[in-house]
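Below: a set of structures, written as structure tokens.
Both complexes shown next keep subunit A, but they swap its partner, so subunit B is in the first and subunit C is in the second.
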Partner chain A sequence: MFLHILNYVFTEHTFGIIILLQGEKMMEDRIIFHIDANSAFLSWSAVNALQHGAPVDFREVPSIVGGNQATRHGIVLAKSIPAKKYGIQTGEPIIQARQKCPSLLVIPPEYYVYMRCNAAMCDIVKDFSDRIQVFSIDEVFVDYTGMEKILGDAQAVAHQIKDRIKNELGFTVSVGISSNKLLAKMASDLKKPDAVTTLYRDEIEEKMWVLPVRDLYMVGAATEKKLAKMGIYSIGDLANSEVEFLKDKLMSWGEVIWCFANGIEDSPVKPGGAIPYVKGVGNSCTIHFDVEDRETAHKVLLSLVETVGMRLRQGAFCAKLVQVSVKTSELKTYSHQRKFYVPTDCTNAIFEEACRLFDEVWKGEPIRHLGVRVSELCGNDFVQLSLLENNYEKQRQVDRAVDDIRIKFGSFSVFRAGFLHSRLSPLQGGIVEDFPAMTSIL
Partner chain B sequence: MKVYMKPVKMVAWFTENGVPTPVRFQMKEDDKEFLTIKVGNISERKEEKLAGNRMLIYRCQSEIEGTEKVYELKYEIGTCKWYLYKI
Partner chain C sequence: MKVSCSKENLTEGINMVQKAVSSKSTLPILEGILIEANQELKLTGNDLELGIECKVPADIQENGSIVINSKIFGDIVRRLPDAEVFIEVTGSNMVIIECENSHFEIKGIPSSGFPALPEIKKENAFVVNQEILRNMIKQTLFAVSMDENRPILTGSLMECKDKKLTFVSIDGFRMALRNYEVDNEAENLKVVIPGKTLNEILKILQPVKDEVSIYSTNNQILFDMNNCKVVSRLLEGEYLNYNGIIPQDYEIKIKVNTKELLAGIERASLVTVDEKRYPVKFNIANDKMVITSNTDIGAVREELKIDMDGGKMDIGFNPRYFIDALKVIEEEQINIFLTSNVGPCTIRPVDKDRFAYMVLPVRTRNE
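The block that comes next holds the complex of A and B.
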């Protein structure tokens, strides 16, 4: 399962695609595992509850992990297998899920339990290889290449990992084995739960090409629709299409998914989940009430920019472009963006621009969701100053001091007085701190 | 034994290596007075790490209100809490 958290770090689509030639056979000789926890949030909550004496196993009754409906984060984050039988889907509103199954058990998310489970899972995996990449909170890539000489056959070891996680930690995982990360990820999806599946290149025709194209990694609803118009319905159809034709229709994206359909992908397992290249930093939130006045909207923007600015400075970037997006209570979305004359990493500078953009674009309707994103990043070591711009040097010093205090004493140790007695959090985004940023790049 | 899982007050001794052994605990039923139980024979101790949360489990036997009973105590390492797990 691939779980999206609200904060994104937008990254360039550098997928490291190669056409496999004879000389690149080395990449083919790798052994990569993809370990994916089954119904992660739900089974982790269930095991934690059982350990603390819960009378029922949430996995055996119709149950979901869902956000808080009072703060309007009421969607299904994970579901049990019995809940699936009622047709409940991840991402749908809890109210809708309850209509499908009135006896549905709704469990609140416990992010610290999830972090702990992830850490425990990684600890076990580290006994088998030192090269592991935490890809998301419930997924880990392991480079087992070379370890077979010490620990033995890859499949047997995958079974050992799976069984140890099940016996020691109490939840099941699916393990996919292949020669690259993409195929390993596809393999772990083939059989669930509690299974080990191989998908080497000579098996893709039989195991992967028969699947609908939507099952391919990175093919979503929009791409599926476009491919259907071209008569491409299965992964096999896509793999056997002309790459030039796909490039013509879908630009470079066409080549990416064509390579994926043919199992071509060569990115290394990156310890620490390092992201190759950050393209932008964004943050958005659904507010727990409809915002109807400008002042409150500006406050929400400020709480978003506080986090964006901090992340920008942590990455030693300056941004040239800022974008504000608005979703109204009727779920209509629009956005507005503008370039800075001088790239900046100053919270106040980004905030002022975000407010200007918001004022220009907002038509006065009640707001449900606000987002701020900065992009066109450059290094923050030196920038070309402008005589016409405000000098934010003093502000940047304040930012640095505030960042230091927050790193040392916690995110909420210091915040702007404007948030006192407001119904808003002074910093939005970042449900869980100290976790590798989510990315779709393998 | 049934799952009971209620926190209890505990007196325990720890070895110099940090391994705890329960000695005496107090439990309280909803409307009753505190009941003090001296931990008798400890027949088994094991560790579990479910959901990554380390807990020590002790299978013990004591006289409780005139009858010998077997029960299990749990020590949650992360929170330093003791529970009467099963009785």
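The block that comes next holds the complex of A and C.
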């Protein structure tokens, strides 16, 4: 079987192999950890509440995180183990969950708490390797390759990380260990909570192939249904199918999941920041009335740019390109874009350019929807200053101070006076979306 | 047409006019060199932006003219033996090139379709010696912008006012300025010459005391050297007010040996593989300048003794910008004026004001 895989890799993934050989080590020699916070939102809120003197630990009573308690809508984002016993499922409407358990405690989402917990978790992980990738708000990949010579055996270190997070931060994590990111992620799913699991290539058959195919990363309900029609129920069934057959039925997707089922995946652990894996930062909103004057449109743009600027700075990026898009009340959409002479992360610089672009493109019709997007990102660690741009240095300092206040005291703790009595929100969208969405690209 | 001239003179002429011949054009005639014999032998290249005309000493037996493909003509003549070259055009536009035992017959194009160089009235000549012009161009050309988004900055400003000739180039991140005192009375000369033209003129000008006369109209400029004429389009638009962007105040003034500083920065930049990203940092304090750079491949530290006036400062620069400027400064000592670690830095001579080089720093994350 293994030989078959190698052969496959050489023929079909020649490009991947070239990268692999150029790396310092063969990919098979890597040690990758996947660290996953157990029921993250709920336990983080619980830890935060306990620190602030809450009488109960949310994790020990039937409770969920989700929606808005006052307006009584929304869905279940996370649930405690006692809540699970009532049959409450992630993703179902809160109303339905309440019917299953009338005494259910509903905790609102607290994004800033999650961001802090994620940062604290990363800080601990960084003590063990410099190559980490924040994969989502509650997951992080660590490339431990080479560190075993300094810090010792991978499994022992994984236990150390897990225990330090538990003792220092008060929540539990599951750690998966393997030779690539996919297997490490599968491994951390095998045993929860508060556990360390290995899933090396020679353990695939025993530990992974026996699982239902739905448990495989990137296989959802739709794919599961299609696979079931082909008689594929377990990951092992999928791994031992003919790849050409899967490609025929599922197109290129079939090949991807076949590789995953066989534990083939060789993407590197990509650090954030300097190398932008984020391509752009955008923000848009449908306004609750039709905007018909330039000044109001500019205000909406400002509220959008406030968030865009902050997201850029939080991600340590600067942007070279800004784009404004307009949707009219008749649902006609158009956009306009321009490059900055020097990359910037300053809210005012982006706002001024966005206004210029808007003025150039807007034909005066009522506006229903406005969007601002910045792209062509680069790191903000070194920026060559220019004679031709206005000097935004003071403005950048203000940005930084405002960011700090907003992160500590909430988005609306400080805002521009122009928004007073304006019917408009001084800030559109959250900052949390910094975390890259889970995609098929690991 | 029937002429003969020495291979050496002909090659020299071809090399000059080829700078103005487009290598790829939709019109084949623009890829050619115009050869004219009318008492004297004249070669012309013209890509409609830049035109170069050059006289070659020759023996004219019969007047006439023809256009011949520049690349073929150049390649042939360069490979001929060092002897007298005979060129003759037959009635069917065939160009016969003969030299010792070689005989070529190449298809020519009738010269009537060749675009004539724009006529520029030879009035109000501005006369300057070749060596000075050459130096001034060389010392400012490197800071010309490559960014086509601001066309005016892709050229150098040449200005003559109050008996002072000035060249200025600005690419947005730096500025190069040179002055020279002239006793010429050309009034209000103020033109922006494309960087490409200056690059070619630089190759034609010789470090000699011979004079070059410069004539200009609204949109054309003519450089007239003894046997060679260069005509170029000028860039249109208003140039930046360069005087306004040079800071008048400073926080720190330092005096340093040019060569030592250049050598230090050059060494420090060796570890900046990707020069766009990694700056070199200057740490200036206590009559000492420490140059450091810290990159993926390693780190470097250079220490330099300086005379200084003012507090201390940590500032980062793209080393390329400093090296370009320092390389063209002949003075042994220079003054450097720093405003802040996010403000412009100006290099000036210790006495007089013959040049000013300004560089904008690189802001690092912690600032």
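Just so we're on the same page, the second predicted complex is superposed on the first by the 245 of 442 C-alpha atoms of A that agree within 3 Å, B and C clash if a C-alpha of one lies under 4 Å from a C-alpha of the other, contacts with A are read in each partner's own complex, and residues count from 1 in each chain.
As a working rule, a residue touches a chain if its C-beta (ideal position, glycine included) is under 8 Å from a C-beta of that chain, and two chains touch if they have at least 3 such contacts.
Small disclaimer: the values here were computed from a predicted structure and weren't measured.
Contacts of A:222 after superposition: neither subunit B nor subunit C is touched. By the touch criterion defined above, A:168 lies against subunit B but remains apart from subunit C after alignment on the C-alpha atoms of chain A. In the superposed model, A:48 lies in contact with subunit B only, and not with subunit C. By the touch criterion defined above, A:120 reaches subunit B but does not reach subunit C. Once both structures are placed on chain A, no subunit A residue is touched by subunit B and, in the other complex, by subunit C.
Touching subunit A in their complex are the following residues of subunit C: 149-150, 170, 172-175, 240, 245, 276-279, 316, 318, 342, 344, 358, 360-365. Subunit A makes touch with subunit C in their complex at residues 316, 339, 341-342, 379-388, 391, 393. Interface residues of subunit A, counted against subunit B in their complex, comprise 44, 47-48, 50-53, 55, 113, 116-121, 168-171.
Put simply, subunit B touches subunit A in their complex at residues 3-5, 48-53, 55, 83, 85.
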